[in-house]
Structures are given as structure tokens and as C-alpha cells.
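Across the two complexes that follow, chain A remains constant while its partner is chain B and subsequently chain C.
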Partner chain A sequence: MRWVWVPLVVVALLAGASWSAAGPATCALGVPTIKLGVQGAASGPHADYGRQIEMGAQLAIEEINAAGGILGCRLEMRFMDEELRPATAVRNARFLVTEWGAHFLYGVDSSGSAMALGPVLRELDRIQFFTHAATHRLTEELVAQQKIKQIVRVSAPVYQDAVAAWLFRDRRDVRRWATIGADYEYGYATWAIFREQMRRLRPDVEFVGAAWAPFLTTDFSPHIAAVMATNPDGIIATPWAGEAVTLLRQALLQGVFDRIKVWFQAMGGSVDVLEGISQEVKEGRFQGKLYATARYIHNWPNTETNRSFVSRFAKRWNRMPNYSAETTYSAIYITKAAVERARSLQTDRVIAALQGMRIETPAGVRVFRSEDHQFVYAVPAGKVVWDPRYPIAVLGELKVFDPKDYWRWPPFRPLELSK
Partner chain B sequence: MNHATRRWALAGLVLVLVLLPVVGSRYVVYLTVHILLLGLNAVGFNLLFGQTGLLSFGQAGFYAVGAYTCARILLAWPSLLPGVLGGTAAAAVAALVLGYLSVRHTRIYFAMLTLAFGMMIFSLAWKWRAVTGGDDGLVGVPRAPLELLGLVVPLPTVERYYYVVLVAAVLGVVVMHRVVHSPLGLALRAVRDSEVRAAHVGLDVRSLRLVAFTVAGAYAGLAGSLLPPLENTVTPPIAHWTASAEPVLATLLGGIRSFAGPLVGAFVLVVAKDVIVRFTVHWSLVLGVVVVVLVLGFRGGLVAALEGLALRAPRVQPAAAGEEGG
Partner chain C sequence: MEVLAYQGLIGLSSAMYLWLISAGLTIIFGVLGVLNFAHGSLFMLGAYLGYTLYGVVGLPFGVAVLASMAAVALLGAAVERGLLRPLYGLDPSYQLLLTFGLVLFLDDLAKLVWGGVFRIPPIPPWLQGSVVLFGRPYPLYNAFLMATGALVGGGLWVLFDRTWWGRAVRATAADRDMAAALGIRTPGVFSSVFMLGSALAALGGALSTPVRPVAPGIGAAMIVQAFIITVIGGLGNLRGAFAGSLLVGVLSSYGTLWFPEFELFFVFAIMAAVLLVRPQGLFAR
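On to the complex of A and B.
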């Protein structure tokens, strides 16, 4: 009967794969601690975004705990690698909620992961505060249409990239636009909303070329050559993170900045991109033609809340905060405000407490939009410059536009995506 | 291990699996569904690899064909059985077509062809937005009810859906067991051991390889088609070559020469990763070390190593033990 132990081992291992989250209630909300499950890309070439999510979350938790927690309840965090894989994000969420006992979820980086999580959140009945994934479909389709109420987005969606149209609307010398786009929905959506806005503001512009680079492209020279063959005045580029750094360096090597008038790097205001091109910016190699935005920029707004956040973040982590750090940090403070208002951890009550919320965060005032559970706030765009007060390149000559002008608003009509 | 003991062990294992939703947490049930899906995929893969001697790096492609087909069917016609059967059939057809082109070659050429075809399917999943939803995938796939002979079984919970997957997995394993121990299985092993000799005794080597490839593709498709109702979503990464590595790893871990090897490997791989990711974000490094240790430490696979232990033990007969004691 030696083999009888096989099922016993199976049982033991399966039992070992789970451990109970139950424990004695110790705070006003009837739980020992409030558990926050956080996910982000922690492996692969985009791992810095996950690391920033983790740093932002941890800083917020340390601060809130030091100040007595939420209604006397301490916060506890568990961070997991999303791997930019939807299946992993779903598995993590299920583990965090059903095994570890998370009360709230935060992250994720990938839009695909965000879309995959949506239906699962309804099944788990837990609120996920999305702090990076930018697809418009998350809030427009899953919340506004399908009524998955557990989805809340704190970060700016892909609408943010349409700010480029407003930034350059008065540049009469820039008439011919082309894109070097990420060859997936983010790239198509950015190009679509940029063209939509630009056509409205500047009927005289032409869209002359487009080249699409697959995810994890390392050699952009054919894409650059294809777009430059159309003789554009301006280029809008959507490869992000390390890919953006590679693209910009290769554009310099190919002399692109000698021939164009402006280059808009959609998420170029991200700390990892600014770090990557700091030397080139310092040397003036972009000739003042490189512009960018992000979903938060550490040198804006010039408020005490933001200055204090950046200072504390830099002191704690010896890094500038990326947008995914700020959005996650703010999401946890939004949770605090909602739970204190609801005096409950129940999903329905917390969602009710979010209605009408208007909250001061490092990125400025965020306002909850009830139709699609999207927090609305303004992020400026500007020129990538070197400022000796900062250890890395920053965005200067900042221009702020009202999101009412360039965000999409309900009722939503489908966005026509095409190359 | 004699037959009686083996039967007891199997009966115990099935009993544990049947009782799992009662005794295990919801997450353990969910995790077990993933083990069963990988196990099913790996059992099919091993017909190709362990029995026929062909290493495919494209199984994720057929898994994805099954998943996407099932998802499209369920979105249009929310009934589980047509979705799963449609997904499995589509994957089998895809395997038949691509297999026809692949089995002309063996060894590294075959592996590279299957890798290329698998990545072609990945590209289709990524680019054919009208059908696959592009990088965001197909979202909101319903966990449709099981409708059979006029009986409608709703599947609102993971626990209930688990039983569907369990039945499919048990049926799949039983059928594969019959195939492996049939004359077809013998013929496949003959092709694996010496294709020249097999051809000389009258076996149609290429047709046999094509049959193995198609059956393996159908098993991958069956596993894939059981995924969308669980996750409500299908996205392109399931078709990536890194996903093709999972049944390969599971089979190598468990052992290619043992029928149970891929199942044991699937269990170890899924549980090991799930445990490791709880402790470190550097899970891939730790998992890699664990896999290397297991593969090097248990050459021939975990099942072979355990069987070796079991075979060594009977040498210590009671009489001999008495002599030693004396």
C-alpha cells in the first residue's frame, strides 16, 4: 500500500497552498487589519512601473499607519507580479481576495490585464483601483455599459494623449503629422483621439504617415525611415518605457530631429523615460523639439501637497515618483477617504461613498465621475528640458488644459480604431 | 506497485478530487482547475513527445485556437457544450492542417516549424482585432450553462464549473490511456524508436505522426476551450511560445516515459509557481532554480524516481529484514 500516500500528499500540498485569513477582530471595522492587494509588472523590461506602484503603495500605507490607520485599523499590503499577463493578473486577484483576504485591490499596468480582471472583480465583489492601465474600454465598456461597479480608475486613461492636439494647435508651422505607434490598442487609440481632436482644432492639418511597432520592438529604424519618408512636420510616438528611450535614441542617430519641428512622446514624462534620455537632454540633442506628457508629472502642480509628496517619496526611495507611484499612492488615500465616509469595508457602501468625491492629491484635485467610475484630473504637457534643480530631465514650459476639452465624456460612442 | 494498490491509489485520488470543493478553499479549487487544464494539455502533448518522439513548441497555438473558438461560440450562443466541442474540433482541424506541413520533418526542424506555426497563431490573435479583440482579447465570455439531454445545469460558481473540468479531464486521461495502450500506441512507439524499422514492417510513419499531432492538438484545444468559461476572458499571451513551454516543462518534470508523468509534472509546476510567487517577486529566478534541480535531480522525471524508490523497497523482504536485525 505504499502508493496510498499519493492522495495524502496531494491533499497536504493543496492544503499547504492555502492558509486561513481569519483572525480576531481588533479595530472599528471588525477586521484585524485592512488588507490591500497590489499588482504591477515586476519582471521583464517594464518592471520599473510595477516597482513604482509598489513604492507608492508602501509609502501611503506607512504614512497612514503612522497616523493611526483608517478608523484605527492598520493597513497591510501584499504585492504580486502581474507579469503583464492577463492570466497572471486574474490568478493573483483570485489569490489575493479568496486566500489572502484582500479588502481592496490596486494596480495593474497592462490594459489586457485590466480588461481580464473586470468580470472577475464582479464575481469576487471587490473594488479594484486601477492605477496605470489606460484603455478607454475599461471604464467606457465595463463600467458605463456593463455596469461592473467594482472597477474604479484613479489614473488618467488614454484620453490624456489627446492633449498633444491642444499643445500644438497654435503651431501653424506644424501641418503634417505622422505617428510611430505601438502596434496594439494603445497606439491605435492614441492616434485616433489625437486625429479626432486635431481635425476639430486645426482643419488644415494633414495626417501623412503611420508606422506600427510591435510590443518589445528593439530596432525602430525601419519605422523611423518609413515615417520620415512622408516628410512630416510633427511625430507623435506611443512606444513607452524602455522602448521609448530606444526609439528616441535611434531617432537621434538617424538625424530625425534635424528634419522635424516637433516630436510628441505620449508617455515621455514618465520618470523611467526621463532618466533614460537625461544625458541627451542635458546636451541639447533634441534641439528643444521634444515634448511629452504623462499621467502625472512630479514637478506639477506647484502645491504643498505635491511638493511634500515628492520630497517624502524621494527621501524614502531615493527616486523621483513615476505616475504609477502617484496614482497608487493617491488611490490608497482615496480608499481612506471613502472608507472613513462609509464606515464600512462593504463594496456597495464604499462605492456609494465615492459618489461625488472631490479629493486633493499630489497630482491635483481629482473628481469622481459616477457614470464610468473614472477620476478626472488635469495633467499638463510640456517640453522636455534640463533643470539643474532635479537629478533627471523634467517637463518645462508646462501647459495645462481642462480635461473637459480633450477627455471623452458620457454618453460614450465607440472609438473608431484603425491604423 | 501491483494493480490492486494502483487502483486504491487512483480511487483515493479521484475521491480527493471529487471532495475538493467541500474540503478546499475556493482558491484551491480554482488552482486545481488550472492543474487539470495543464495536465490535460500535457497528457496530449506527451502522445507526441514521449510516445512518438516529436518535440512540439507550438501547443499554445492549438490551446489558443480552442480558447478563442469556444469564446466566440459562447459569446454568440451561451451553451457550454457547443463551445467546448467547437473549440476542440477547431484545434484538431488546425493541428491536422499544420501537422500535415510539419510532420514531414523531425527533430530540430520539426520543433522550429511548430514554434513558427504557434507564433503565427499568436500573431493572428494579436492582430485580427475583429475576431480576437486584439491585445485586449475577448472580454465578458459567459460561464454558460451545461445543456445536455434536455437538462440545464447552471454554472455560476467556480466550484460547480470545477466538476465540468474534472469530468472532461478524467475522460481525457482515460481515453488517452486507451490510446497509449492500443495498437496505435505501439505503432507510435515503434516510429519513435526507429522510423526505418517501422516503415519496413509496413507502418505509414508520416500518417502515424500526423495522427499523434492531431490528437495532441485536440487535447490542447480541449484544455484551451475550458479556459474562457473559467476566466471570462481570452487574451493573446495564451498563444505565445512561452505558454507552449508549460506542457513541455510539465512533461519533463513528471517524466516522458510514464503515463502519469505529465499529470504529476503539471501539479508540481502549477503548485510550485503559486507558492513561490507568494514570497518573492523574483519568482521566475527561484522557479527556474527549482525546475533545474528537479530535472537534474530526478532524471527521467519525478514519477520514474518515485517508481524507482518503490521498486527498491521490496528488496527488503521480511526474512531479510529479520536477518539484518539478527
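On to the complex of A and C.
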């Protein structure tokens, strides 16, 4: 009699194996798995961003799958190197959708790649959740004007970099501003929006110098020397990732921090930058004059959601989460919320489900702006400090401003971009 | 005036990196006739080894730089003997394909060994700080680079003009068959020249680590500038490479000061101007 149980056990084991291999039999969306195609820079001085995008996505997927997936469907990810090249990003997107069968896309790091992807997304009819590329044109032009509905941005756009104007509006001793800018759209847009905001807040300031460094610049010495020749009080710098670390170290070598009053490193609140300059911060070599922001910083907001995310991320990866990790992590949870609301993977229905969405994420509450498919949330700016509670330098003396003050709002008027 | 002088000095230190990498490139082309696309990757390997030996293992900076040069020189010897030698009699396009393949291989190898993220160790304490020049602090590290570049230039001049080995190299470069007939072991000369060029690339890379990020692909950015310099100076001409490096380094620095909008274009404009006036390069005979 007891042998009767053997086939039953075998059947149960086989059923279990098929669940783990192909997803639960109860997937309400009729697909074996929901496929997420993810892209980010995975090589060169900016490679940590792609790595963080991948880590954030992986963590979200593991958590969601462990909790039963989305409507019973398991998630599956494929990550590809964007190489910060628009042609590569487009090729990857086409592969991910047409060959691999991605239902949703995530990433990318470069604004150039984002702008190239926009029209392709309409053709592929797949939603891409942008989690780093910051150009305002992505949402203002491609969504609000050209109505490419497949674009959704979860990360704060280049507006965030203009928070510097608000941060220093009361510093009457900082009147002469210069930039060491990334020599492409992101750098130009930051400088343009910063100047626009600053002129409004502080008509007395002057913009005295600019030097532009292209991608993969390794020697910023001429740029630093050229800008310092204009005797600025403050410098706003937009090279990011490894280039930001290089720039700051070379600025220290030229004694820049002895001569200026403030330096704002736009995305200097990023974990890879803070790791790279930790020793110098600890030694006080920036003399308390280095300020930064990011599109999320791990020590703000002080909510249970954020603390828990940071703790789980650090436990899983032995690193602090960068903003590209948080934005991608949140984008996947936004996908989950939208798909559960739409009960469909169809683009139109998922976009309809995003309308009016207000969702708690590690970075705080994000609110979907229907005119341009931009999620709105606040990120603070602050001074780069050493806090013994953390293994790396962090942003301290945080100031949070209402996005209503420093973000651009529809109807959008074109922004004059120039070097 | 002080601004101009300071900007020029900053340009001079940038020129030294360019000099170290283009010197090796032009020596290899001048003697072996090989346009080595992978020369930038040797710069990158030198940087990674310098970072590892100095920043991770903890060797003194100078020892780490010399060990990186030696390791990359040995790799250069292996590449010359194992990969390039069978191609000497064939169409030059085979060499280009091979060295381009090496670029892809070495970049991916670096990614496998060191990962995709950038690395940047601390500056050696004895090279931190600055000296005041033209009323502004000038980094000691940049001054050190200029001194090193000048030493390398002097050393190469002695090596090529005042030693038996240098005469053998020049003879081989002028007429390979005649040199062999005179008893010079030309295969050995080729290997040693390739090793020297590789070591120079590694020197540039290792010296860059404390102030520049090391990451896969950094060689690609360097090799483009090195090619521009060798074209400006005259392919295969060492004096031309030195002058071309100074020209590009210093004028680029002034370009950043005067024409920040056209910085990227500026280097190519210099090359175009030289090619219009002297298509064979400034120092080609």
C-alpha cells in the first residue's frame, strides 16, 4: 500500500521542477516569464553605473520572485552593455525586444543613447523605464511634444543639477561662477538651467568662464587651469563617475580649493565618486567647500522603506546603492504596480495604469507626471563630509527643495543650449 | 602673460604622456614597419599593472612603475615573436587586423581580470603638493612628469645615437637585408625594439595611474592622439614624435583656454594644418 505514494511523490517533484523552470502554472498574464531587458554602461570610467543598474534590477527581481512574482508570473532579466554609444543602445534594444522577447526595457546611462532610443521604442512598441539618462529633451521633446508614449523616466532629470542655484542663493560671497562641463548635452543643459535659475534668484552673479571636457577625458589639468584663470568664486562641474574623481583629484593638485569658495559636483553624491574621494574627504583636503547632489542618495530620506532598501542592498552586494541602482530597483516595482493594476503587459494598458500613480520608493514618494511621463520626487543637495557611521564619504548638511521650485514644468518652452 | 605661461606649462605636462606613448609607437613603426593598433592597450596594461603593484600590492611607486614596464616589455616580446613575425612578409593589412584583434582581446582580458569599473590609487606622498609658478600652485606631479619625459627623451637619444645597439637598429631600419648581411641579428633587433616600444607605453600608463582613472578602453583614447602625433611629426620619426607631442599638448591646452567651444576639434585642426603644409609630417626626411 505504501508504494502507492511513490508515483504521487514523483508527480509532485516534477510539478515543482516545472514551476521553478518555467514559472508558476498560475501566471495570470499567459507568459512563461516576464522578461526585463536592462542596459547600462558596463565598461570604461563610467562602468560602475551599469553595474549598479544591474545590481538594483537583480535585487528587485529576486525580491519580487520570492514573493510570488507579478500576478503569479516570475521575472527574468537580461543585462547588456550600452557602452555609452547610441548605436549600441539601439542595437541592444532591438535585440532585447525582437530576439529575446523583452516585455519591458530599463536603463540607460547616456543622454545621447536615450535620445536615440526614443523613436525606436515607438517602433518596437515597448515601454522603456529610463533610470539614469538625464537630458530634459527626452521627456520634454520626445514625450510632451512628439508623444512617444513608450518613454517613462523614473530618475530625476538634469533639473536636479540646477538645485545648486537654490543651494547657494544666500551665499552673497559667491558671485563669480564658472563651469567645467561635460562636453555634450548633459553638460550644456546643466549650465543653461543653472544660469537661468541663478539669474532669477541672484541677478548680481556673473558667469565668468567655461571649459568643456569630452567623454573619456583623463587629463583635466588644462580645463582646470583655464577656468581658474577667470578667478571664479564657485565652480559647477558635470563630468561624472570616474571622470569626476579624476577631475577633483587634479583640482586638488592645482590648489583649487585654496582659491575658490564652493565647488558643486553635480552628480558627486554618487557612490562611486564618494568612494573614489573618501580618503581626501577624510583628510579634509576639500576644506568643506565641496558640495554635491545626485538622483538619489542612500542616506536620505530617513524612512523605513529607504533604510530597509539600503540594508538589503548592502547585505546582497556588499556595496552602498548608487542612484542608478535605486532608480532601476524602483522602476521594476513601478512596473509591478502598473502591471498589477492593468492586469496586462500591453503597452497602452500599462501606460494607462501609470496615470496618477503615486508610489512609495526608497528615494521617497514618486508621482507620475502625465504630460511628459516623468516621475517627480525630491533629492537633497549637501556638503561632502566624512561621517564615521559610513564606510565612505557621504553628503551631509542636507537641504531639500521642493521640485516645484527648481524643476521645469509643462508647458515647456525650449531651452537655449549653448556652451 | 602669467595666465599664458601657466597654461603652457600645464600643456607641457600633458604632452609628456603623449610623448611616452607616441615614442613607442613611432619607434616600432620606424624599425619594424608595423602600425601597432594595440599600442594603446599596452599603455592600458601598464596602467593596470602599475595600479595593482602600487595601489594593491603596496610596492613603492617607482618599483611598481619599473616592474610594469618589464612585464609589458616581456609581453611585447611574446607578441612580436609569436604573432607578428609570421606576418612580416605578408600584406600590411594582416598586421593591422592582428593588432586590432589584440586591442579587443586585451580590453576584454583587462575587464575579466580587473573588472569593468575604474581604478585610481592614491598619489605617492612624495609627489603630492605643489610649487608656486607664475603666481599659481603648479602640481609637483606634473613637474615630475615633465622631468621624466625629458629624461626618456635624452635616454632614447643616447640609446639610438651613441650605442652599438642603436646603430644596429638604425641600420636595420634603413635596409633590413643589408644589415643582416653585415651580421646584425635582425630578428633580435626587431624583438628588442618592440620590447622598448612596449615598455615606453607601459611607462606612460603606470605613471598615469595616481592621477587618471584606469579602466578598460582607456588605451583607445590614447592611441588616437598618438596616431595624430606620429602623423604630425612624420611616421617613424622620433624627433617628430617629440615635437608633435609638444605641439599637440601645448596647443590643446591653449585651445581649452581660448576656444573652449572647439576643444575637441582643435587637435584635428592642428593635424589638418600640418598635413596641408607638409603631408609627410614635420620631421620626415
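Convention: the second predicted complex is superposed on the first by the 393 of 419 C-alpha atoms of A that agree within 3 Å, B and C clash if a C-alpha of one lies under 4 Å from a C-alpha of the other, contacts with A are read in each partner's own complex, and residues count from 1 in each chain.
By our rule, a contact is a pair of C-beta atoms (placed from the backbone, for glycine too) under 8 Å apart; a residue touches a chain by one contact, two chains touch by 3 or more.
Bear in mind the structure is a predicted one, so any value in this text is a computation, not a measurement.
Shared-chain residue A:330: touches no atom of chain B or chain C. Contacts of A:33 after superposition: neither chain B nor chain C is touched. Of the two partner chains placed by the overlay, only chain B lies in contact with A:142; chain C stays clear of it. Once the two complexes are laid over each other on the shared chain, residue contacts for A:86 go to chain B alone; chain C is not touched. In the overlay built on the shared chain, the residue A:42 is in contact with chain B and with chain C.
Of the two partner chains placed by the overlay, only chain B lies in contact with A:95; chain C stays clear of it. Between chain B and chain C, it is B that contacts the larger number of residues in chain A. Using the contact criterion defined above for the overlaid structures, shared-chain residue A:131 touches neither chain B nor chain C, since it reaches no partner.
In the superposed model, A:243 makes contact with chain C only, not with chain B. Chain A residues in contact with chain B (one complex) as well as with chain C (other complex) are 42-43, 50, 214.
For chain C in complex with chain A, the residues that touch the partner chain are 3, 6-7, 10-11, 13-14, 17, 107, 111, 115-118, 120, 122-123, 128, 130, 136-142, 208, 211-213, 215-218, 220-221, 252-253, 256-257, 260-261, 263-264. Taken together, the chain B residues at the contact with chain A in this complex read 1, 5-6, 8-9, 12-13, 15-16, 20, 23-28, 30-32, 34, 126, 129, 134-137, 139-140, 231-233, 235-238, 267, 271, 274-275, 277-278, 281-284, 310, 313. Those residues of chain A that touch chain C in the shared complex are 42-45, 47-48, 50-51, 183, 210-214, 216, 218-219, 221-223, 225-226, 228-229, 241-243, 245-246, 249-250, 253-255, 258, 272, 276, 279, 419. Looking at the complex, you find that chain A touches chain B at residues 1-4, 6-8, 10-11, 13-18, 42-43, 50, 79-81, 85-87, 90-92, 94-95, 98-99, 111-112, 115-116, 118-120, 123, 135, 137, 141-142, 146, 184-185, 214-215, 417.
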